[in-house]
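Two complexes, one shared chain (chain A), two partners (chain B, chain C).
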Partner chain A sequence: MAAHLSYGRVNLNILREAARKELREFLDKCAGSKAIVWDEYLTGPFGLIAQYSLLKEHEVEKMFTLKSGRLPAADVKNIIFFVRPRLELMDIIAENIISEDKMHSPRDFHILFVPRRSMLCEQRLKEQGVLASFINIEEYILDLIPYDGDLLSMEYESAFRECYLENDQTSLYHTAKGLMTLQALYGTIPQIYGKGECARHVANMMLRMKREFAGSQNQILPVFDTLLLLDRNVDLLTPLATQLTYEGLIDEVYGITNGYVKLPPEKFAQKKQGEASKDLPTEPKKLQLNSAEELYAEIRDKNFNAVGAALSKKAKIISAAFEERHNAKTVGEIKQFVSQLPHMQAARSSLANHTSIAELIKDITTSEAFFDNLTVEQEFMTGVETDKVNTYIEDSIAQKDPLIKILRLVSMQSVCNNGLKQKVFDYYRREILQTYGYEHILTLNNLEKAGLLKLQSNSRNNYPTIRKTLKLWMEDANEQNPNDISYVYSGYAPLSIRLTQVLARPGWRSIEEVLKMLPGPHFEERQQLPAGLHKKRQQGENRTTLVFFLGGVSYAEIAALRFLSQMEDSGMEYIIATTKLLNGTTWIKSLMDRPEAQTS
Partner chain B sequence: YQVTASYREKSAVDEYNKAKNEFSAKATEDEMRLLRFQRKLDDEKGAGLLGLSLQATMEALLALGLHKQAEQLYRDFRVPDKRYWWLKLKSLAEKEEWEELEKF
Partner chain C sequence: MQHGKAVSLEKFRSLQDKLLLLDFSVSANDGNVITAVLIYLKRTLSKEVLFRELQALGRTEDEALLKYKEHLSIADENKRRDFLKSCLSLPFSPEDLALVQDHYTLLERQIIIEATDRQAERGGKLPTKTMPILNMSLITTLYYCCFYHYSEAKNTFSSPLNVRQTFKISEKQFFVTALAARAELKEWLDVDALFTCRNWLGFTKKKSPLSFQRVVDVLQKNSAPTQVLQDYVALVDDAELRITLAQKHKCHDIVINTYRDLKDRQQLLGYRGKVETGSAEERRIDELLTNQQIRWKN
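Then we have the complex of A and B:
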């Protein structure tokens, strides 16, 4: 089961169970054997809610991927389409159904829209003449998906693009709805703070939705004390920087999707004992990464430079544990040793996996290219020569390095300089268009619109003030035994997390000036609790804050929040929610024009 | 095709000018110039350049040994020296034209 979801301060398994219950209820509505036709995008997120076994219990016998043409043969009574509400998918469904009818097979069709029904889609099905073929058309509201004991994500990839480029606030509605579901399960959150335009919208929607339900009062003792809503565009800098935590680097290098990472197989050639790998050796090795794995939970949030030491320490502990068998003399002792074996073997294979991953990543972090790139990033973050054309960027363009890398660096320079000088801006843009092609002019426009690139206005560069006030750069970051969140980027303390930290203590009033420099309003709202639900806090009991990143959050930021939760004197535990887990590369990609056409 | 394409780009330039987006207007004009150049060479030598970026065009020209034409683009489009020399060195080294390299 999903034990890793209930370890934390807040039992997120409750949310998962609620989602599973709803799924079961829908499946039981379609009596008899079933086949599910999947919108491929949904399989990842769904895997976190329900494994195949649950579906099987409810007579799901076959699963297909949604494709145009005819449906594969399946001897089942029901065909259920699990889809996002997208018009192009409706056309495929219509094609499936029309080619099906010709065969006169008496099957029942159903659609489950995730996360919302859409009138437009139903209209499209009607136009195609297939709407009447469906017995059930329902929605499955899956807004916040539990990823780990302290982490929720909507995996809404285009949220940032929609909010900041296209002025489409659909994702904010889903966010507000998701937060209402959360409050229904975990109690009304008494205090709401926020910074940014989108945060303001979400808070307004939540308060309005609450008024609409004014009749029924939520009688659950609140689990969360505070909700903090943060717009991604309040802190554009952090995701652009290369993450230096173990998990962050795995994501930067290989990409983590829906809690899984695919790795080159060479390093994992050895089969683990008692576990026959189904993959052919040529296929990438797929690993699940979450806190259910003891070792991973321990090292994921460390700075990568501290991972080696942690792994070798673990190796010593494990081999010492295996050595214990020589000391076992009596039958009772041997029995005890044997009973621990499965656990120890699991620990050993987990250690082997992470040693291999760490080796793979080390090859990259020790390369000259990585070092040069990082040096430039750190120069920008500390404000060194941010108003000149940077030689390293220039050389990288001349060598035709991946475009996204260039865009990440130029954006970073722009953000750290509060915009680029006209001459510098034009130079970079010309270089990019001449080298990578004129078509990228649209991508450059998008980045400009999102605020990642901009022309310096006459106003002063206020980044240095922000950096100093919030202590964004710490000269003596300790990577091995950190005493400050700046360890996650080896010196740079993420702006978003500093805001969170200051809010807890001493409060935002102390940084009014800086808050005004950052985009969007900052605000505070209170939600009245019914009498009797006011928590009586025990001495020394931590408070719980839900931090919601609108537009995405990086693994390094999550690591920084976990670090704050663990600090003894912080008195605050954090649960993290977001529209999307991202890194600089996936983020920039989501802003590019026709990203699927980009190969470089 | 040529007529409509250049017409469309012409109007793109107009629109960018109207929007006071000088950079994009200039970039679009440059692109039109490049496309005309590519079409001409494609017609003359069957070089297969149409649609390539400026850098990729120069790279292709150097690979084909059309040094003069590459040089022309480098000057016309005010390509920074560093990027052009880098490209030229790489191309010559790839073709192992060490004598040509010596002349630098």
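Then we have the complex of A and C:
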């Protein structure tokens, strides 16, 4: 069982166990000793479901990475390919099969497609003449992966791009399927709210899929009261802004992948007492980040400026705890102290790690570049001079700052101005292409299509109205003891979360006008529950809402939702789901046509 | 088909039926169903008809860009140049067309400059270069020209002024690039010339499209000597900023002069400790401090 998944209101371990059970069943189907050949991309997400120990229990003796050429030697009866349904991977598999020495060591071949089978891929294997070599071809439906007790992600990187650039709704289909799986385990969700075109499509698909399985009624008592589906393009602004929570900053600076972060090793070198640190490690330090780590759970969602104080406080508590050994007089007391030692040592190690990380982050947040960048972001968010060419952006381009930084800023200006004036638009595009290369026309075009960097249309700029009505800018945001979600960006309340907040109380009817200014329809659907399953709400019992971000969500937004859950009188607890955990940089990168050329 | 059952599509015979089938499968959003239908269509429709129908669904500007994108996979520069030229007849929007035109013109020029310069290098006329400019951005190319061909006449391909004119580079961008290039070569006279302009009275005046603070930044990054930095720090309008910069770059005279102008005795006294004992600056400070004529404000 994964400890960090059981903390929340909804036990996401159920989902994880269901996924593990399916995996076990498939492995047992390929009876005998086995070796798994991995599509590298899958190892991360799979790691969240099953560790090697589970695989070993089912006779997995070796694991290899999928690559062209011959398969490595292994004395196993079965070879199983764990792959995404991608054509280029089929070609590699075919190569592996063809170069097998069938006479010498006959092995059985199987494929597990994740998350779905693909006819196109099987066709390809057929064309390559190897389809018949496989005994078991199955699909492993891994849609929503639990990342923490209140967080699910599909890690579907191209979802936003597919939906808004390519008009490809495959990701929405997978989302709907994922939600059906969720309902099968946690009960039908009685109320569905949504805002956005994609939200509408997902809801429609869910309702249709339910009708198709009309025979079987779901008898599970519903865990979720409400599902809220939100299109990313309803709030294009938030992911562009630099996140200011501890976890958000770690992601912005170092990148969190599958719940892990890789950090520069120097600060984490083990220093033995009295010895100078000799050989510094060259491998980056890899740390797991989730709520099972007590200290991390406490500080992850804080505004970074409040982290220092929290760490100091913790340091004192830990020191005091270690000092307790002086007070332990009786054998019983000593025994108790010793039993606490592992926990205290873990706490101390955790404190050391996060102190180091906080120092690394602080170096960045106290830099002039960070400050200048943040200032411009906040100017745009408060509507200051969004209709002119911005000098800081101009200078940054002239200095050849990283292209993605530039794209984030100009997109932000465009979003806050509801599109740029022709002169400004042309100027930025020209400067960018002249400085970074003409091939970036493709990226600029993609950004335009996604609505991030576009021309001003005839319609007026509604952003100031939206900002005022929804109170998106809170001047004196309290970073230390926040009373509003705007603390996550030190003043800016994420639009997406404000909408979520208002939905719970007083309801969307109070912001009809503003909702109309945001793209896509908004709607409400109800799903019938079998008789007797309607929940009788106890006095003071919280309702549970699953908020699904279609197109991606940032850690700062997640922090904001957790804040709402913790608020005294909210009466609501939130579980977050998304197609992808992202930040401004990874988001823009997914819209570039030539990611490797993005730095210069 | 969505439920995994095998279905025969043969009964969809007419073109209209097939298109309806395609519409329907697309709206079902199941990739596998769409694939199956497409395979059937591919088998039963002639290539022309199929492409015609598919193209009608697409948008021409997108296609133009998709085609343009292919240039990235062409390694040989001459072939790439020719490809870009062929792209000019694609249905781009007018703005995009102008940019693709620039791209083509730039690559064409880069090829010529590379060829000429390689030859000059072999003949010993140019120092051996480390920076090939093929496929580099326009600004990088301009930098190269400012570096190796700065004083060339306006009518050569590698003249910075010619590049500026052909590609309509903004004054600011040109200025920053030329400044950086000449500074890297430590050609301080050239740097100075960038700022000087004669007005109609015949007087020279220092003018800059870039804030002098940024100018100092660029110069300092290229290890400009203090005397050079001093000249430009002195041109910063804002006194506070000027002092900060001057202190940062140890332009003592400027600090001293500014404190004198601000009549700030305390600060001047404080700064005395920061200059070298026995230096000319120290003596200057002492002179000023004992000067009875100055009405100090503190």
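As a working rule, the second predicted complex is superposed on the first by the 580 of 600 C-alpha atoms of A that agree within 3 Å, B and C clash if a C-alpha of one lies under 4 Å from a C-alpha of the other, contacts with A are read in each partner's own complex, and residues count from 1 in each chain.
In this text, a contact is a pair of C-beta atoms (placed from the backbone, for glycine too) under 8 Å apart; a residue touches a chain by one contact, two chains touch by 3 or more.
Keep in mind that this is a model prediction, so the values were computed, not measured.
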Joint occupancy of chain A by chain B and chain C, clash or fit: clash
Touching partner for A:Asp593 - first (chain B), second (chain C), both, neither: second
First (chain B), second (chain C), both or neither touched by A:Tyr436: both
Partner chain(s) touched by A:Met205 [first = chain B, second = chain C, both, neither]: second
First, second, both or neither for A:Asp426, with chain B first and chain C second: both
Contacts of A:Glu394 with chain B and chain C, given as first, second, both or neither: both
Contacts of A:Leu120 with chain B and chain C, given as first, second, both or neither: second
Comparing the two partners chain B and chain C, which touches a greater set of residues in chain A: C
First (chain B), second (chain C), both or neither touched by A:Tyr173: second
Touched partner set for A:Asn445, first chain B, second chain C, both or neither: both
Doubly contacted chain A residues - partners chain C and chain B: 394-395, 398, 400, 426, 429-431, 433-438, 441, 445
Contact set on chain B toward chain A in their complex: 23-24, 27-28, 30-31, 34, 52-56, 77, 79-80, 82-83, 86-87
Chain B-facing residues of chain A, complex: 394-395, 397-400, 425-426, 429-431, 433-438, 441, 445
Contacting residues of chain C [partner chain A, same complex]: 29-32, 35-36, 39, 65, 68-69, 71-72, 95-96, 99-100, 102-103, 106, 135-139, 167, 169-170, 172-173, 176, 214
Complex contact set, residues of chain A against chain C: 116-120, 123, 169-170, 172-173, 201, 205, 394-395, 398, 400, 426, 429-431, 433-439, 441-442, 445, 593-594, 600
